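So that you can tell them apart, the chains are marked A, B, C and D in the order they are listed, and the count of residues begins at 1 in each.
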Amino acid sequence: MSFTLLIVQTLNGLQFGVLLFLIAAGLTLVFGVMDFINLAHGVQYMLGAYLAVMFYALTGNFLIALIAALAAALLLGLLLEFTVFRHLYDRDHLEQVIATFGIILFLNQGVKVVWGAAPLSLPIPDMFSGTIVLSPGILYPVWRLMIIGSGLAVALLLYLLVSRTRVGMLVRAGATHARIVSALGVDIRRLFMIVFGFGTMLAAFAGVMIAPILSVEPGMGDSVLILAFVVIVIGGIGSMRGAFIAALLIGLVDTLGRSFAIDILRLVMPPSPARTVGPAIASMLIYVLMALVLYFRPAGLFPAKGR
Amino acid sequence: MAEPVPNPVLRIENLRKNFGGLVVTDGVSLDIKAGELHAVIGPNGAGKTTLINQISGTLEPSAGAIYLNGEDITALPPNKRAELGLARSFQITSVLPRFSALENVALAVQARSGSSYQFIGRADRESALNDAAMEALTEVSLDARADVLAAHLSHGEKRALELAIALAMQPKLLLLDEPMAGTGPEESERLIVVLQKLKGRFAMMLVEHDMNAVFALADRISVLTYGRILASGPPAQVRADPAVMTAYLGEELE
Amino acid sequence: MSLSVTALPRARNYEALPIAIFLVLALAPLAASFGAETYLLGLFTRVMIYGIAALALDFICGYGGLVSFGHAAFVGIGAYTAGIFSAHGITDMAITLPVALIVSALFAWLTGTVCLRTKSVYFIMITLAFGQMIYFVAGSLSPYGGDDGMTLKLRSTLFGFPVLQNDRALYYAVLAFLLVSYLLLRAIVSSRFGRVFRGARDNPTRMATIGYDVFRYQRVAYVIAGCLGGLAGFLLANATEFVSPSFMSWQRSGELIIMVLFGGIGTLHGAIVGAAAFLLLEDMLGGITENWKLIFGPMLVLIVLFARGGLLGLAQSVWERLRRG
Amino acid sequence: MNKLLSSVAAIALIGAAGAAQAQEKLKIGVVTTLSGPAAVLGQQLRNGLQLAIKDNGGKLGGREVELFVQDDELKPDVAVSKAKALIDRDKVDFVVGPIFSNILVAIMKPVTESGAFLISPNAGTSNFAGKDCNPNFFVTSYQNDQNHEVMGKYAQDAGLKKVFIMAPNYPAGKDSLAGFKRFYKGEVADEVYVPLGQLDYSAELSKIAASGSDAVFVFLPGGMGVNFVKQFRQAGLADKVKFLSAFTVDESTLPAQKEAALGFFGGANWAPDLNNAQNKKFVAAYEAEYNGAIPATYAFQAYDAGLLIDGALKATGGKTDNKDALRAALAKAPFTSLRGAFKFNTNHYPIQDFYQVKVVQVGDKFATSIDKKVFSDYADPHVKDCAMK
């Protein structure tokens, strides 16, 4: 458990956290402003990755693939919003869950029919494909640093958008007092579309950025979706700041837990049971964290007021 | 301020509530005698509902104490206060929409008669519960609408239903949070008659904007502004109080 | 978020439908004996077992407004109790079933104490959290097969007699458990307790000011639902002669919610219809094409968009339209 | 979609051949994983068996074949239900499958107790090789530990000093590392179990880098392997640390791993370039039939399962009603395996050669290639616990 290893793992946790934030940001916006539970949000992440693979195969240029994938994901997202989601906004949460779960089943299978069941991959753009030396013998992939950097940049951009622009003001107001916002004569439907489209793009962006690291396969959004929900619930629904802090917290706890749980358990038990129990405990950590947070703060770390 | 009353049903001592920097209840002290109807009036935002919420226990005060029949209830949850004889109506109608009017009231009766941890036997066929509930509905002239779902009642009927629920609890103190709000003149008139009939049976605290109702019903009036009690006393005295005149009542009474 | 108040008084088919459902279930083995008996019996046994779990979920969800996203955890606990006992050679259900129920109840009591402090979506997520925890615990039980699960050597016995060994006997035992669960929940729903529990969904603040400690009532209901989930798991282990952590994955919890909504939430018998519809569709569509989810997914969307109140609601509105001509 | 079409085509073909002969069709059930990320393995299994039937003119053992394919969804209880459907509704004589050990454990009882034969073209757990061996159960693949043992033997023979080993935290994962350590006697830098389905290996990669190992040995099937291989390469470890594996780099994952896996090693009982005429024909036919995809071991073992059924039925004259005769015929393994020498041990698990294979580029595709034979006529050690003689 050397110090360099701790630093590397912290970076890894940060990278994972930033990725979660990109997904959770859209989720918490849509949930907070529209009171809409969109389970299909994870599918948007998957679509982003698949579209990037497709456009990369067509153009051979990562940047073009990224932009095209974002545009296509936005179009698909808006298409879904138009055909299905907008009819669900005034339904209760349970119905939203079921309908969007149906969308997940459909799109997971659809992706398999279109692109096949085999995992696909997207290469890292050449200029970012190397590693940098953190300390002698310890390398760190540049692309992971890129993910951290771009994620933090998006977080900053979101902060400025939400705190400095009119749409951002409406979004903040909408997260706490949706009825008042609609009473102000704001075209709530248009606001919803903007928010939804934006959330979709963020998820797709996360999918594109992670595609060079993870395999692109049907169902890749499912586990991420659950984690994103954990993030927004810990952070407090509708709170961008909460989502950011909770995402980093989950990323760090999960990564550090996985790498050090066994070592810590070895201090108190023999290595063999530690190896068996360790991974189970490591997998459980984030859920334990969520249960603890909700026990002491039943509406998350940064509860939106008036909710 | 008014003299301390011996053995009041409700005594509030120096109650204080702040949300962050905003002080909503600012050192309120108040007594309600047995059988008395005590009205609390004041402009919007004076902290009247906040006060009621603290008394009924849905909101925790920042400082001060609340006594019901001499017992300190400041830290008790709402259901315990209800068991001790505290009933309330809500400013925004608060009934059980999926239950019939009769069942709404029967639930209140049930809370006071025997255990509710009975898992078999149809509750809606227990005549003891239904009879008592019907009695309360009759008192508020809602007996004809007993089988209608609460969600389908008119606004005035829902306000009456709230009153019936409170009655069925056989309270020692009833908190009424703007019972006339949103009702038409005719329905208000009817509610005033009902309340007049009930007066004296138990202590009541009435928060109300409708000054006709307040002056027709109240034994004493306290005026609340910015979370403080500005004046307190019999209606005639409050009406004559120059501070009240300028601060609040003046314009409205003229 | 409007309240579906209108869905309440449907007294007429309230009685006819459950009777029809149980009649069909009671007679199904006769029909099955004309072909593919073990398979059909097995399939319907599974339907009824998931029916019990879905019933329990409908009870807390449809009547109490407590949407649990971790209900499969109880199914898993029941199944693992049966499995672990069986691994140690104890199969008598006079011992194992009560233990399964008690363990489920304890888990429900403990987690309910934490979960019920939260509301709405937070409740959904915290129940998920506990479901995931117990899922990972089961996966780490390496003496009992770990992630692979394990085969039960024997089905449960009663006082030494192998009463469930025969598929048909198992079928009718499960049917009996389903009937008892259904009748029990129906009784509870309309009892004093059930009325308080239902009231707590409509307006918890009002219930508190009338004098009810809402939390305690909800926790008791949660324990009841947990016990029935455990019962379903116990039976599932016997029916498949196998236990596995996958019984309690979050996907399974999600499927239980779908079953409840599919049939028609807040009706109890709707949960049984939903379980049947879900499992039979899965089986049939799976037989038509391996891409059956391409059909099933949109079906869920359509049900939500156009058939409020699930299949029962749909059937009812079609029936009423026909009657009016 | 093309798969659906091809299965329709296969059925049509069977139908055309069927007109000539009125003998009752041979019913074979398939239990395989066709949904979720692991579907790619399940499809290989199904494709391999279908190809074997097609290459035999739609017949096995002289009888037309009717194939019933069931998706187990990787859920054990669903698998049990579908297996019962095959036995009971469809009256199959053989069940071929599954991919995963946990599904095998679940369906063993319902299938074999009914008298049908279960032929596993992949999963081969140690309990069914040993104390729980079953007369109606045959394995055309291997005992699960063996590919790991190949790598352990290789690491030992190559004189590797320090190896970092890793597998998912489930029974097959534990068997895997135990198998490796059975032959590798050098220092184990660390033994790591990750949760099944883990996608990001950043934590483990840092540990590998910090451990100063000569080599890693991993067992990370499916998508796990795709991710690990890519991240291993990205972390810059590929040039410093030798990559040994089982079920981690094969033709089902290489289309996604591509260059990232070049030069990586695996242990296997077969590779597409195994040099015999029958195998070459099979690989070419598979590529032609399934959109140019190179078959992986799952496909070849399923193809062999088809050949096994064919050979045994020829020996019984196409009859399946005498189970004992059929069992005896199956046990003789009366067919020429694509891997060459093949026979069943008394526990009905194969005795066969094992190889170290290496990832190479073939045109614009990637495949494993035989590098070195590690074991000859190798049998699993669990057979001593099996009561069958």
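General observations
In this text, a residue touches a chain if its C-beta (ideal position, glycine included) is under 8 Å from a C-beta of that chain, and two chains touch if they have at least 3 such contacts.
Because the structure is a prediction, the values reported are computed rather than measured.
The fewest steps needed to get from subunit A to subunit B, moving only between touching chains, is 2. With centres computed as the average of Cα coordinates, no chain lies farther from subunit B than D. Taking the mean of the C-alpha atoms as each chain's centre, subunit B and subunit D sit 75 Å apart. Put simply, the C-alpha centre of subunit B and that of subunit C have 43 angstrom between them. Look at where the CA atoms of subunit C average out and do the same for subunit D: the two points lie 37 Å apart. Chain contacts: subunit D has residues 34-35, 169, 195 touching two or more partner chains.
Annotation for subunit A: residues 109, 112-113, 276, 279-280, 283 touch two or more other chains. Contact with two or more other chains is made by residues 136, 139-140, 142, 291, 293 of subunit C.
Taken as a graph of touching chains, this assembly has some other topology, since it is neither a line, a ring, a star nor fully connected.
All chain pairs in contact, by the document's touch criterion: A-C, A-D, B-C, C-D.
Against subunit A, the residues of subunit C that register as touching in their complex are 1-2, 61, 67, 114, 117-122, 124-126, 128-130, 132-133, 136-137, 139-140, 142, 250, 254, 257-258, 261-262, 265, 291, 293-294, 296-301, 303-305, 308. By the touch rule above, subunit B contacts subunit C in their complex via residues 56-58, 77-80, 82-83, 87-88, 90, 94-99, 103, 106-108, 110-112, 114-124, 126, 149, 151-152, 165, 169.
Remark: subunit A residues 2, 4-5, 8-9, 12, 15-16, 109, 112-113, 116-121, 124, 129-131, 137-141, 143-144, 212-220, 223, 255, 258-259, 262, 275-276, 278-280, 282-283 touch subunit D in the complex. On the side of subunit A, the complex with subunit C involves touching residues 31, 37, 84, 87-88, 90-95, 97-99, 101-110, 112-113, 226, 229-230, 233, 237, 276-277, 279-281, 283-284, 287-288, 290-291, 294-295, 298-300.
The part of subunit D that touches subunit A in the complex is made up of residues 1, 34-37, 39-40, 43, 169, 191-195, 197, 199-200, 202-204, 206-207, 209-210, 212, 222-223, 226-227, 230-231, 234-237, 252-253, 255-258, 260, 293.
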